[in-house]
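Here come two complexes built around chain A, the first alongside chain B, the second alongside chain C.
Up next is the complex of A and B:
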């Protein structure tokens, strides 16, 4: 088919992802994980995976199954495969977290939870990478934003492979020396490829296209964008190839490749931020919408996170301070960007789902009529201010203050989620413009049956 | 020979509570052949788009700050349908583009906020008589519009123009006997 239809399972991914975010924030308020526990404590690792896999990766997968087809103007290769992947990912994540709780001393029986979790997560991501990869392959030659996504998916495969090796070692499925060495010293590679290569690099690629579309900015390909891609790709390949080589063949630590990758990533991010500033400057949509305004704040979080990472590396305080840096990248940058974009994407997809077939035949609302930006905006500010407060509390090693700030994040996120549900149920749309007749009301997170009949 | 667009600022009339429709139509009546109209208003004058489209004008509207709008109406040059080799989608067998009639309407949706181009195109498509053709200029490939056109039984063809940034879409409402088939 030429053109792109609505992705059937994107809302299901978004729903599970938001539940994982709310769950993670509740745990932080309860004092579970960093900074109450050490950075490498099982509690912290469980929390990190709930955020990284449950929230950020599911959000990213849900967005990619809808927007990779938009990036390359091809339909998704297998429209229903994402639901199988989602079930595997959720079951895998729950097992993985139970496994970490087991390591933390909670008795959960003798089942090898970590190993089973890794199998579920690896299988789920593999199905999504296969689906997205086939879609991208069928659209060759692909544009620059889609190439960012390809490198992001490559990083995801590496992250999942490393994670599976770690799990197999921890549950005793392997005693291979090489795999054990990777497990004991490869964690920085796993984290950098996950947070940087997969989540950040993919978000950069998608935002080149989405921000331009939403703000009506010209999409000409600039030299800075190509350099951002090249330096970022080089950073990923160094983590992917030079890192394991240093560790396994040269018998050294991964410190040097990590440092070189950080340098290249900093160049890539600086060029990217410059490109984003140009998009904002040259936009033709004068009125800046909530999603674009809050995405700019999230970009500030990316800049701050990168700066702090350089600072703690330069002063040799990575072991003590890395938790705060990861926190600001995960919550200031990726979560901030994710919530801001969700506010636009959910409204647009709901509008298309409810009114696509009615356009031109009767009076229909605009996409803006589905949202109430003045009502939601203060909660975004509460969210970002709470992140800054939580960062300060974590840096000052004040766990109680951190939990209070986390409560601010939780309240703000819960209200934003409530507003997203209101968008799904068309609560802001005047009664006279509600869809009737051949269009059923939207379902919160499952596709309607007629999607399958087409 | 091309003329610079005639400029008409109706903001003072609107701010004074007046109705500038008469002034606008007089200005349109006074345009030289091929001359456009640059209109400045305090809102997006949507009803005017339809009125002037019937007179063969396409429009490009943009917000210029403080809620004011600039709309440039351009008289449509006579256009011919794209030849099949120019398109990325062939016309239906038996109804090649070369036998499609001249477009009955032209839309310039390039400067509209998404998804407004999709809304306008579908609204105009619904107003076509059976067998009539609509031409629309867009600033990107209308990926979400195309499946909807197919669902509604329209034939369409489109491609990027030489400037690589304008996507030209032609769509045709099926004639009554075709729709019945």
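Up next is the complex of A and C:
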């Protein structure tokens, strides 16, 4: 199989993910969670999971079910399994958040919401990991970008396992000493593997290929890319193996493995940024598109987040400042990159749905004709400037200023979402180039199954 | 120019009506068409590639090239073969396509 099909459920994942992002930003504007509440307050943990699972992980899963087949030139092993996974993930996430609200004092009955949430989320991710894992396995030997994804999926399994243990402990389903110890001291491992191993390392792997594709840059494998993979993998394996060993066998804290992993991750990220700079420098598409320009800004967010993490670790202010660092990594880096790539991917998928079958039969627009970059660009700038303002407000412990900055993020995100909907409805396409008849028009977020039957 | 060569040129011209949607330029000038031949029986044999192996647009590009070729008078059927040997590189683009990507068109 050389060509791969359109993923049927990617747009559904993207839609739910964007709703979760908008929901999280509304909560931040309302003063819910960090910095109005403590970093480890149930409100903050609910918000963090809405962002990490609802937004970032669903976005990543939606992208992977479309692009892992592209990375390895094999069709997805089970094309319809992602919709079952999505339902489980959404139900699990809602239960988990209700469980955290219960911990925050909001009475929601005696149902063990946290435990049920963990079961739903673990089952949903397990189905996606199985599906993507089988696809990758069938394509051995795999290239470097796909190997990043494998390590990312391994991290995801670890994150979900730790999260499930935490939930089981918190609802009283286990009183095992080892699991309770993991629950009380394993949160840094859970967070680092989630934000670093799963979300960042996977995004790195996918961006090696996607940015090269979209900018027409040479995809040659460089020594820096291999070292970035090796050092990043070493960081993940230290978190996975040495962290729990220190905690459970040696009876020590996870501080030392975390420090070593941070050092290795910094080397990996530096090499990755160097590779990305080379991609931008050697691109054939000189007129740079919005998605690539905003991805570069997001890379700046990654650099800033890593620098701040080193700084707060070196000055011993991790407990006080970690919230701001996680904020810039989640919103400056991952969300910035996610929104930028969505702008391109949604247009590309919409084009394939509407015009793929018309190629050779009539004049078709370009993917670029589906977007209106000058209209959307200012809102990306508003988004990034608001993130910087919110970071400054969080660092200065000014909650009101943070909420005002979060409002800027919310307005910008809402407008970008509106523009994504406009892309789906072909609002920028000249009338003469609109597809004829109802059948060719896309649905907003559900597949027209007959489009995908070959 | 012989009739056969004229027909090959007409097929190439028809293929210029098919664009790579992502790059936004026709597949001939991008360098995706490796070879075009037309048999005596009016069968167009096209060898082509895509910019990326595994691209979701691959099947559409292939059938689009076939549709365009079959619309040429004298072509009764088009046999479109995909190959990744050699892999496409940006160097394969014509000067017109390179100019387009520099943003000058």
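Definition applied: the second predicted complex is superposed on the first by the 445 of 454 C-alpha atoms of A that agree within 3 Å, B and C clash if a C-alpha of one lies under 4 Å from a C-alpha of the other, contacts with A are read in each partner's own complex, and residues count from 1 in each chain.
In this section, a contact is a pair of C-beta atoms (placed from the backbone, for glycine too) under 8 Å apart; a residue touches a chain by one contact, two chains touch by 3 or more.
Since the structure is predicted, the reported quantities are computational estimates derived from the model, not experimental observations.
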item	value
Fit-or-clash call for chain B and chain C when the two complexes are aligned on chain A	clash
Partner touching more residues of chain A, whether chain B or chain C	C
Partner chain in contact with A:216 - chain B first, chain C second, else both or neither	both
Partner chain(s) touched by A:285 [first = chain B, second = chain C, both, neither]	both
Chain B versus chain C as contact partner of A:108, first or second or both or neither	neither
First (chain B), second (chain C), both or neither touched by A:70	both
Contacts of A:359 with chain B and chain C, given as first, second, both or neither	both
Location of chain B clashes with chain C - one stretch out of 9-17, 27-35, 63-71 or 81-89	63-71
Chain B/chain C common contact set on chain A	2-5, 69-70, 73, 213-214, 216, 218, 284-287, 348, 351-352, 356-357, 359-361, 364, 366-367, 454
Chain A to chain C touching residues, read off their complex	2-6, 66, 69-74, 213-214, 216, 218, 284-287, 348-349, 351-352, 355-357, 359-361, 363-364, 366-369, 454
Chain C to chain A touching residues, read off their complex	17-19, 21-24, 50-68, 71, 82, 84, 89-90, 93, 98, 101-103
Chain B to chain A touching residues, read off their complex	62-65, 88-89, 111, 113-116, 118-119, 122-127, 139-148, 150-151, 165
List of chain A residues in touch with chain B within their complex	1-5, 69-70, 73, 213-214, 216, 218-219, 284-287, 348, 351-352, 356-357, 359-361, 364, 366-367, 454
